[in-house]
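Paired with chain B in one complex and with chain C in the other, chain A is shared by the two complexes that follow.
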Partner chain A sequence: MSAQTNAMRTPLANAEEMPFNAAANKPTLAKTITRLLLYAAAITISLFFLVPIYLIAISAFSPQQAIFAYPKALIPQTLSADTMLFFWNARGVQSALVNSVLVGILALIFSLLVGAPAGYALARFLFRGRDSYKMLILTTRAFPIVILSIPLAVNYIQWNLYDTLWGVAFAHTAMALPTTILVTSSIFIGVSRELEEAAQTLGCNRAQAFIKVALPLALPGLAAAAIFTFVLSWNETFAATILTQRNRTLPALVLAQIADVGAPLPFRYAGGFFLIAPSLIYIFFMRKYLLGMWGQVVK
Partner chain B sequence: MGEIRIEGVWKYFNKGKVAALKDISLTVEDREFMVLLGPSGCGKTTLLRCIAGLEYPERGRIFIGGRDVTDAPPRSRGIAMVFQSYAVFPHLNVFENIAFGLRMQKRPNEEVTRRVNQAAGLMRIEKFLERYPAQLSGGQRQRVAVARGLVMEPQVLLMDEPLSNLDALLRLQARAELKRLLQEVETTTVYVTHDQIEALSMGDRIAVMEIGEIVQVDVPKEVYENPATLFVGGFIGTPPMNFMRGTVKSVNGASAITIGDQVIHAALPAHFQTGQDLLMGIRAENIEASTQSSPDAVPARVLVVEPLGSHLLLTAQVGDTPIKVQTRIDFPVVPDQTIYLKLESNQVRWFDAETGVRFESGEKMSVV
Partner chain C sequence: MTSDARVSALSPPATNQSFARRFESALPYILLLPSAIFLLIFFAWPMVQALILSVRTPDGVWTTQYLERMVRDVNFTDALRNTFLIILIAVPLQFVFAIAMGLLIQAKLKASGLFLYFWTIPLAVSDLAAGLVWLAIFSDRGFLNSVLRTTGIMPIAFSWLSFENYGTLLMAVVIAELWRATSIVMVIVVAGLQLIPNDYLEAAEVFGASRWQKIWNVMLPMIRPSLQVALILRTILAFQVFAVVIALAGRSMPVLASEAYNRYGELNSNGAAAYALVILIFSLLTTGLYLRALRTSEEEMGR
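The block that comes next holds the complex of A and B.
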């Protein structure tokens, strides 16, 4: 129908409606230009991040001689697991990997145990100082860990936490908490209070209503927040380096190897790729979800 | 058994700045269907939530089945509640939604199945038991919410505007169905609505609320015919009750009332004094319109003529007060015409012009 009408109007439009069309085109042209600029910016930013990742990735899966070759081929000629295996079998890597996973899981558990109730309280209760509390949470993010690191290390030594996985996990928990709290609070805001009240009228006490209704509904969001903590912990280098000596997590180990003994290029590439991979996978699967959540936090 | 007694309940919000409920006292008899009616924001939901135990009143006591439940949590009050948003659990299918309360009571599986099926049958949703709420229409979700409450066989069923989220046609159908159902189950019910037609058609009694206070509690017929205040008369009925401001006069020794320059002879109670301002209230259907003048009729100029299918609704001006008049559909009238109105004398109500409170109808309150 509408196609027909359009077809019938075309000659008319050409003849008489030209001035209107020209006028109507102006804003669309501006729009097109804005859109093009936007795409150009997006592509530039993406390239800025993707090119190094790509180079690291192809190097990590190239045979060793290709890594030392110069100039580099932008498209890998041969693929090989040699480089990755070299890294995998390097001294300390496997135990550092175990450490990283353990620290990540501990940080994830602690941050949820502390952060989810705090987020829930922020979402559900109006209490004195609620807004200042929110600000406070955010300002902790502005505190550079570099300043804290020495006193923290000293305290850790006193508390017998130095060079333990627990210690690193606690530090990572502290770093992840602001995000965890704000994200979980936005998740719980999304779960209608009336659902919990309905559960209360049906025989639940407050805790049961939370466990049976709010928690299951918040679970996907909480899982995303938990994985976020894990990835943060997985990538965190500074605190892990300062607070450990022998029980290094993977990024701390890689950094130490590079700094102390100038680890060979294959080790660097493979290690770099190994560290990036989980974040990439996480962001790929969670991107939609995260955008939604942070959209809410910002609002 | 399921009698609700509310005694002097006050509820404040915003640190005491807003009084949402002001000294509410109300008794709902066992198995009675009580409607809380009032405009949006008058405190209906708040009162319902106080009964449910979801809000804690700052003052006053609440008794259910003779037991003081003011300090009891919602779960131990013997109530079930249907929320305005339905609050159906999105992560549970219809069966588990309805079974939720029974599962909390750790009832054996066979009993749960039997009772859920029975409640679902009652609400005609037995076909959807496997579905999730997201796959249901608004009307079906509303039924799930009602079934979830009924299955608990509560002493008291609380419903907050359960039909307000349905579209007009469905609402009409659901209203009749809900009424049939609640007659069957014979549970004490408190039903909140802002829709006066819903209240008139469903309630055993209606409690009319105005900004945090109950202004009248009575059977629908009484609330409609003898509104306690100006507010009630103006809120209930389509169209609302007509009000005309008048002054008591004495004409040739007989009492009369003047509205604008109209004199209406009326036998008024003795305590009305000459010069006193009154409001005369009368409903559109209690005014008889005629094209012929007669001594006991008041002339009025027609402003608007609205044919409403079964009857005509006229807006006519008496003095300078526009009033609504209902006539048969074939009444011959055009705008700007003068018609003559006879007020059914035993349907006239008198209200205090200052307080808006109706004067108790004395036997002699008739318009001549």
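The block that comes next holds the complex of A and C.
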């Protein structure tokens, strides 16, 4: 269909657009200036995003006395791992890092285990209540997730989940689940139903057809949804702080140190950089998929 | 009729078949069940509990004392005002910048892939980390004061984050929020812009539309639906603003979520739930108002 329209359009386009294009491509002064202004804007915006990261990085990698020095130089005189080591060896930081990773992994496993089947059902079956369930899932987004943590803390004390990694992982799963369901649903819609049916006519039962055909095709999308949950969990501060006391995740530890104890500046800067570093790497590797994925996730 | 007969002839015995058919029709519900149960236990019921916690004592007596105490609290009006100011300033600016950035990406500059990478870095940055990044700039001995001094613009250090300088403190929080959350909106804008069929833009060109006319009359209307959803979500998230404020202002700028955190820290879950209730009510009100405003404007568009 689209090939056809293209074919139909091409001769016309060639005939009519050529002279227009020739004129348009001639760089006029006004065009060059506009172009330069656009580049200037793009570079200014880039600096707005990059300079703060550079500044927290040189703060985190300068000696501790340099953090209190004033005025500071924008190009550091000495680099040192001193401040980062101070943070790394501060009480609870290393175990909090382990906790953060564990909670993230648990949350992504739970959200996929619970969310992907629901997403599959919404994508593949026509059944009574399907649209209402989808609507219900969408509606959860109108509710602020911050307020979950307070009643959850009260419940967790009764359920022996308070101050456990499981408890935090469950809370993060609840936050990520609506998104996971909607995203996995759109992933399975993208996997052709005919392929699964073909596998079934060739002798697979329903489960085999799913595992051998639909799942491998959906895997990249499912991985993206899983990573989204991990990032959400890695960054989530409020619930993690409320639901833990000693088994802190990294953001919860840093926040509690700042809010309750008034942690020193070297701890704050090194902690800030430590929390950001993974996202730099992550966005770098994910940049090609970001638009599709976040476009999906936040839609 | 004939195909039915053939199917039944090929199928296993009738009892098995009816079981299989029943299983097939129950399957979607079986697949939905875990998520429904999970959301009930960890989402829906806690929401109701938050409501109950704010109006009932631990002994089960219904009361308005927690709400009254909250309203009388010295920080309550401040928290309410600060939260609203942050929303009213930061959210519109986020959208203006995000749309501008999205259009810049669409302008097909060289290295636009690199720009896009730089601009999406904050996507995966937590609000806490964003606050700490800007703390390094705005603190008393931070980089802003350093630059102002070495360039001789302002020889005496200024306390940008002091509670005595409310305006600059608010500005710092808003800038950190812009830095962190504009990327998310921009991704929605770019994703939406890329979905616009090229024919539309070409058609606009053929009819002699200028660059601005293309933006106003074709691109923005096309991405309007996704922008509307994003606006609702950003506003709801902004009502929960917390870690950015703690990182930059500590206790000198109470917001609704930080007051909930403080009540909880004082082992007063009911007081915390009262603040949670306020956040909940404003979030639902916002959603309702937006949806209503959008519906009426859509009706006008239709006329």
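Observations, loosely collected:
Rule of thumb we're sticking to: the second predicted complex is superposed on the first by the 229 of 299 C-alpha atoms of A that agree within 3 Å, B and C clash if a C-alpha of one lies under 4 Å from a C-alpha of the other, contacts with A are read in each partner's own complex, and residues count from 1 in each chain.
Operating definition for what follows: a contact is a pair of C-beta atoms (placed from the backbone, for glycine too) under 8 Å apart; a residue touches a chain by one contact, two chains touch by 3 or more.
Every value quoted in this text rests on a predicted model; they were computed, and no experiment measured them.
Using the contact criterion defined above for the overlaid structures, shared-chain residue A:A198 touches chain B, although it does not reach chain C.
By the touch criterion stated above, A:L165 is placed in contact with neither chain B nor chain C. Touch criterion met: A:A41 reaches chain C, while chain B stays clear of it.
Look at A:P216: by the touch rule set out above, it reaches chain B but stays clear of chain C. Judged by the touch definition given at the top, the superposed model places A:Q208 against chain B, while chain C stays out of reach.
A count of residues in chain A touched by chain B and by chain C gives the higher number to C. Chain A has no residue lying at the interface with chain B in one structure and with chain C in the other.
By the touch criterion stated above, chain A contacts chain B in their complex at residues 192, 194-195, 197-205, 208, 212-213, 216-217. Chain contact summary for the complex, chain A toward chain C: residues 38-39, 41-42, 45-46, 48-50, 52-53, 55-56, 59, 67-74, 110, 113-115, 117-118, 120-122, 124-125, 127, 130, 133, 140-148, 150-155, 170-171, 173-174, 177-178, 181, 231, 234-238, 241-242, 251, 254-255, 258-260, 262, 265, 268-269, 271-272, 275-276, 278-280, 282-284, 287, 290-292, 294-295, 298-299.
Remark: chain C residues 25, 27-29, 31-32, 34-36, 38-39, 42-43, 45-47, 49-50, 53, 97, 100-101, 104, 107, 109, 112-113, 115-129, 131-137, 139, 141-143, 145-147, 149-150, 157, 179, 183-184, 187-188, 190-192, 194, 226, 229-230, 232-233, 236-237, 239-240, 242-243, 246-247, 250-251, 257, 260-261, 264-265, 269, 272-273, 276-277, 279-280, 283-284, 287 touch chain A in the complex. Residues of chain B that touch chain A in their complex: 52-54, 73-75, 79-81, 83, 85, 87, 89-91, 100-101, 104-105, 148, 152.
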